[in-house]
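Quick heads-up: structures coming right below.
Two complexes are shown next, each including chain A; its partner changes from chain B in the first to chain C in the second.
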Partner chain A sequence: MVPSSAQKVFYLLIYFCVVSAEAGEKSSEMEWCFSQVKGAIDDEVAEADLISAVEFNYTGELLATGDKGGRIVIFQQNPENKSQPQCRAEYNVYSTFQSHEPEFDYLKSLEIEEKINKIRWLPKKNAAHFLLSTNDKTIKLWKISERNKRPEGYNLRNGPYKDFTSIASLQVPVFKPMDLMVEASPRRVFANAHKYHINSISVNSDNETYLSADDLRINLWHLEITGQSFNIVDIKPANMEDLTEVITAAEFHPNQCHTLVYGSSKGIIRLCDMRAAALCDKHAKIFEEPEDRNSRSFFSEIISSISDVKFSHSGRYMMTRDYLSVKIWDINMGTRPIETFQVNEYLRSNLCSLYDNDCIFDKFECCWSGNDRVVMTGSYNNFFRMFDRGFRRDVTLEASRENCKPQSVLKPCKVSIGFEISIDSVDCNKKILHTAWHPLDNIIAVATTNNLFIFQDKLK
Partner chain B sequence: MEMNAEAKRILAVSISKLYASRSQRGGLRLHRSLLVSLVMKSARDIYHSTVALVEKAVETTASTEEAMEAMDTAEKLPEKQPEITDNTEDKENQRPVAKRPRKRPGKVSAVPDFLPEKRARLEPGEERHDTAQSPSVCRSSVVTETRSALPLLSRVIPAF
Partner chain C sequence: MFPKGTKRKFTDGEEAAPGEAPGPTARALSSAYSLQRQSLLDMSLIKLQLCHMLVEPNLCRSVLIANTVRQIQEEMTQDGTWHIMTQALSQCPSDRLVASEVLCRQDPAMLSPKPVPSALERSLQEEGYQEEVVMEEDGPAAPGPPLDGAAYLGPFSSSWDEEEEAEEEEDSEESVSEPEEEPRTEQVFGTFEIKQPPADPALEELFSDVDPSYYDLDTVLMQSPKMGPYDLLESLSHSPALGSTNSCRSDLNELDHIMEIIVGS
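Up next is the complex of A and B:
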């Protein structure tokens, strides 16, 4: 029976099943345990507290979150628990600072939001940590350093200035221990280079440059130079009425400092080689899957728009996320993805309602596990999904305060679609847009609206 | 017809989204505006194609009826010819023949009915007061709002 175009009624059957696999198979499946949840418990969420970025640093020791209020909160893995496998996913607040403030563009009469769009850590070079954070228009380089000593014994001042006539002898100031203090200071501000809204930043493997991408352009920066940047991709048409495609995500290759990719609103990914030309308008390789004409609808363009693109740690593969699926591409083959995972195909029959309530414009991110075997992405109802590429298995888990007992094992959720489905069962206000996976361990960070959940795999 | 109604509804929703995006914090989002405009384009194409199909069907029906009438009159033509010959002698003083109206029947207004109401949007807290205005003032305000509505249909993105 063909469903009518009027409002469809469908119900989402959700029932829990305990993972009671055979012992042999059980050893190959990961079970996830709850570790911590950060954030307020209030039902009414302040808009400034909405989490908008989550990122582990290169060692996984630090976990940074950005919110809509322009703040960054950095959590540090508890060093005492690193040796205790069961408690290794315990993170405590390390530093909190205001990264971006709301601004006003007087020329265009536009307000610039302070929301943190992306956070990217720099590889550690010395005792201090560095990260890049960006809002719609400005990128900032932050230095996070510890201070646990302070000089004492100055000759001229000990707090207030001394009366120099009372000084009878000189002393050498010495460093004395003090309570640990973490300082965050802006070291560079990269501004006024983007006319459109910045959606991506990515640090190059050369540790000297990084890219920033907005809707129509990608700029290349040097970390030490704030006064200028090089434009390497420009897809702005001569006549804006001819605009058909925008850039939605961009990233540098993890190992090849000359290679970058960017995804577009048409579902196309382009790989560019900076060695070929100064301006990489002409792509070196294009990744595009032929459109399925049978499933064409009003909203085909929207759901095919790339919301995130991520290289694997090895650099051999890349992952793209669109509204309904995750695709794995071999960078040597651009004709079709090598794997496609349907994240929430049950939403396809209800795209009209999702368009009405604006949820169809949500941009979900995705991430790789440290060994590139598993990929993870978020969905609605505070569900997040993991797809095991090796064993061809997927699991749906829920980030909920109801499952907050320490070390409690998360029970996989089984989602089935019946013939009668209610759209009210899909809670579009509870969505997981941002997820992160520890680069060296099976520890994941999942951001709901205003809470950050940390899970670790159960060691067997 | 259902597709036509759905296309109209999607068009109306899309236009309201574009209007709302102008006042949202952070300015116009290019990506989102582009996606909404693509949806509008698809819906508009379907709407116009279904309207054209309906009109074509109406014309086909009308021409079929005319052909049927022509066939009937062709049979009666030999009897009427002497009357026509008499009328041609004094054409100048004949009553002018009622011309067929150039406007297509059934088309009341050129403005699609899926456009939002032309009343200005109020800021939160304001109340609408009906005031007596001169006809010239009302006309200029309507013209202005009509002009502002049209670019949304024809242009994808306002130039930065």
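Up next is the complex of A and C:
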């Protein structure tokens, strides 16, 4: 029996109702609106302005960015607009400071780049904010505090020194309000523990320790102790000539303070349990997808190299990014990922050219939405992709100054996959390596080469 | 520019036409594939070489490129083409290969069983010419891609290779067996962390002022690429016919210069 058109509409409505009931909050696709863009407009990009790290703090109120020049800029969500749904993603500069300076290692005659590789916020314990920032060799703990009061009424000094003979009576200095001043001061410097370049830092859920990982080793630090660190993973072979695998990313579990994972250049993720042994060279669990024999090529290993690994907020899942895809793993199952999303499969036919111009070694990051339902990652041509795990939907958006009208809704880009895309249409200079998602709201920060785009979802 | 980098299965040619000899298409495919593989090998070797010229190479990238080279080498060994290439290498005259007087000096050493160059000589060789290799293309008369991988393998491996004895032996032999080949490209990381050379009185005297605990041999040996890769190419093009004494002298000068920095005079 063919349903009548009225019946079809009815069934369709039921379908949507069911879907929205399942979804909970929003039943239709998320639509993203442009909110702000930070950074210079010129096409000529100063090398020092290249954004190299983006991170929201635990409440999402602060957004930190690090650049190649060693500077950190912290944006704060406008407190007045926070409650207004339409312009809640308004962030203004809160503090700017030079985190790392270029250094020169005199013994090795090497220059140490000041580029900020990673920023990680510490959970807030008091009025001040703390973050860890790292370059290739040194990690620093920064305290960002506000000062909006100043003591005034000193007996001897209130501006110029007073002559003590002119003082007839004494007064007690009082705190008077002043213009808000945000100060950033380095509280700890964790140096000289890494022979190779640091690629990751991760704060432990115990709020006392954190890890730092370089190409061959992972060290455990106590936030209060700068003089020493414990080595917990060491994959350096006795003979450097036998080296075939390096560590590319590492992270602590969000809830279990004894669990950490690290990804390698061979596409393998290892989970370590610090309770098992002091040195976690032997992994507790290994996550490796069996190789697809059919699509094997000389580039298979390079494109399988893990560029980022992130636990979900719940701690149940883990996401890894390799060159062409994003994989979601259940941490209880290491045989294969539970979901795989192709980010830019059209690059597969151009791997040789990408190897030639070195873009095949680009390290893209990825991030989870606050509710772990959507994952996001960047690509070339200033595209960034979002994958909705619940609805099995994905969308490609572009971060460009052309879509810059406030509140304008971003139109999803269609990337044709019907035919092979030539390497000429892939702009490898416009890459989005760093993205961040507000932990409690649908606000995202997307970094192009030297601009930071902030988008919010359109509330219906 | 290049077709997909997919690996053609080894039995493809035979499977294509059962009962017949592999047709011309299969043969053409296979030569296109080898050409592609060869140029990938060349590209990788150049990348490794340039990588090596940097004062602090990106370890992850270097490892991945080295693994790619190793993979190609393994496949070529299986195909038998590796053997052909190394034969061609051992037969080509050393003056055609760029590297130089370093290799030339080794020639008489190659003939003797297990030659052991003195530590000082070895360190000079490594420091002097890890990077002199390669960029010239005195292409062989035989047809092949412009940058002949074979020409690179010899100087390339010898410059990366700390244990030059193994490599020299391979060069002098006509038939190269598989297990011996393994060390050649395996040693790409030799210079990333060079082991301390065996105690040698000349070397020790040279470095007697330096506190060994602070002195990292590998970093000193990597001192030479103070100039960027482009400067080096320029200098190479300006002086194509370096006499053996000239480069030896420049090596010594470099070493002196480095010693000055370390000793702080």
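The rule is simple: the second predicted complex is superposed on the first by the 428 of 460 C-alpha atoms of A that agree within 3 Å, B and C clash if a C-alpha of one lies under 4 Å from a C-alpha of the other, contacts with A are read in each partner's own complex, and residues count from 1 in each chain.
In the analysis below, a contact is a pair of C-beta atoms (placed from the backbone, for glycine too) under 8 Å apart; a residue touches a chain by one contact, two chains touch by 3 or more.
As the structure is a prediction and not an experimental result, all values here were calculated from the model.
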Clash or fit: chain B against chain C, after overlaying the two structures on chain A? clash
State whether A:243 touches chain B only (first), chain C only (second), both chains, or neither. both
Quick check for you: in the superposed arrangement, does A:107 touch first (chain B), second (chain C), both or neither? second
When the two structures are overlaid on chain A, which partner does A:191 contact: first (chain B), second (chain C), both, or neither? neither
Of the partners chain B and chain C, which touch A:265 in the superposed model: first, second, both, neither? both
Which partner does A:295 contact after superposing on A: first (chain B), second (chain C), both, neither? second
Contact-wise, after the overlay, does A:351 reach chain B, chain C, both or neither (first, second, both, neither)? second
Could you tell me which of 5-13, 113-121, 167-175 or 185-193 in chain C overlaps chain B after superposing the two complexes on chain A? 185-193
Chain A positions within both the chain B interface and the chain C interface are 108, 110-111, 196-197, 215-216, 240-241, 243-246, 248, 265, 298-299, 301-302, 305, 352, 355-356, 358, 361
Of chain B, residues touching chain A in the complex: 2-3, 5-7, 10, 13, 17, 25-27, 29-32, 34-35, 38-39, 42-43, 155-160
Would you mind writing out the residues of chain C in touch with chain A in their complex? 1-2, 4-7, 36-37, 40, 43, 47, 55-56, 58-61, 63-64, 66-68, 70-72, 186-190, 192-193, 214, 216, 219, 223, 226, 261
The chain A residues in contact with chain C across the complex are 107-111, 196-197, 215-216, 240-246, 248, 265, 295-299, 301-302, 305, 348-349, 351-353, 355-356, 358, 361, 423
Chain A - residues contacting chain B, complex: 4-5, 108, 110-113, 115, 136, 195-197, 199, 215-216, 240-241, 243-246, 248, 265, 298-299, 301-302, 305, 352, 355-356, 358, 361
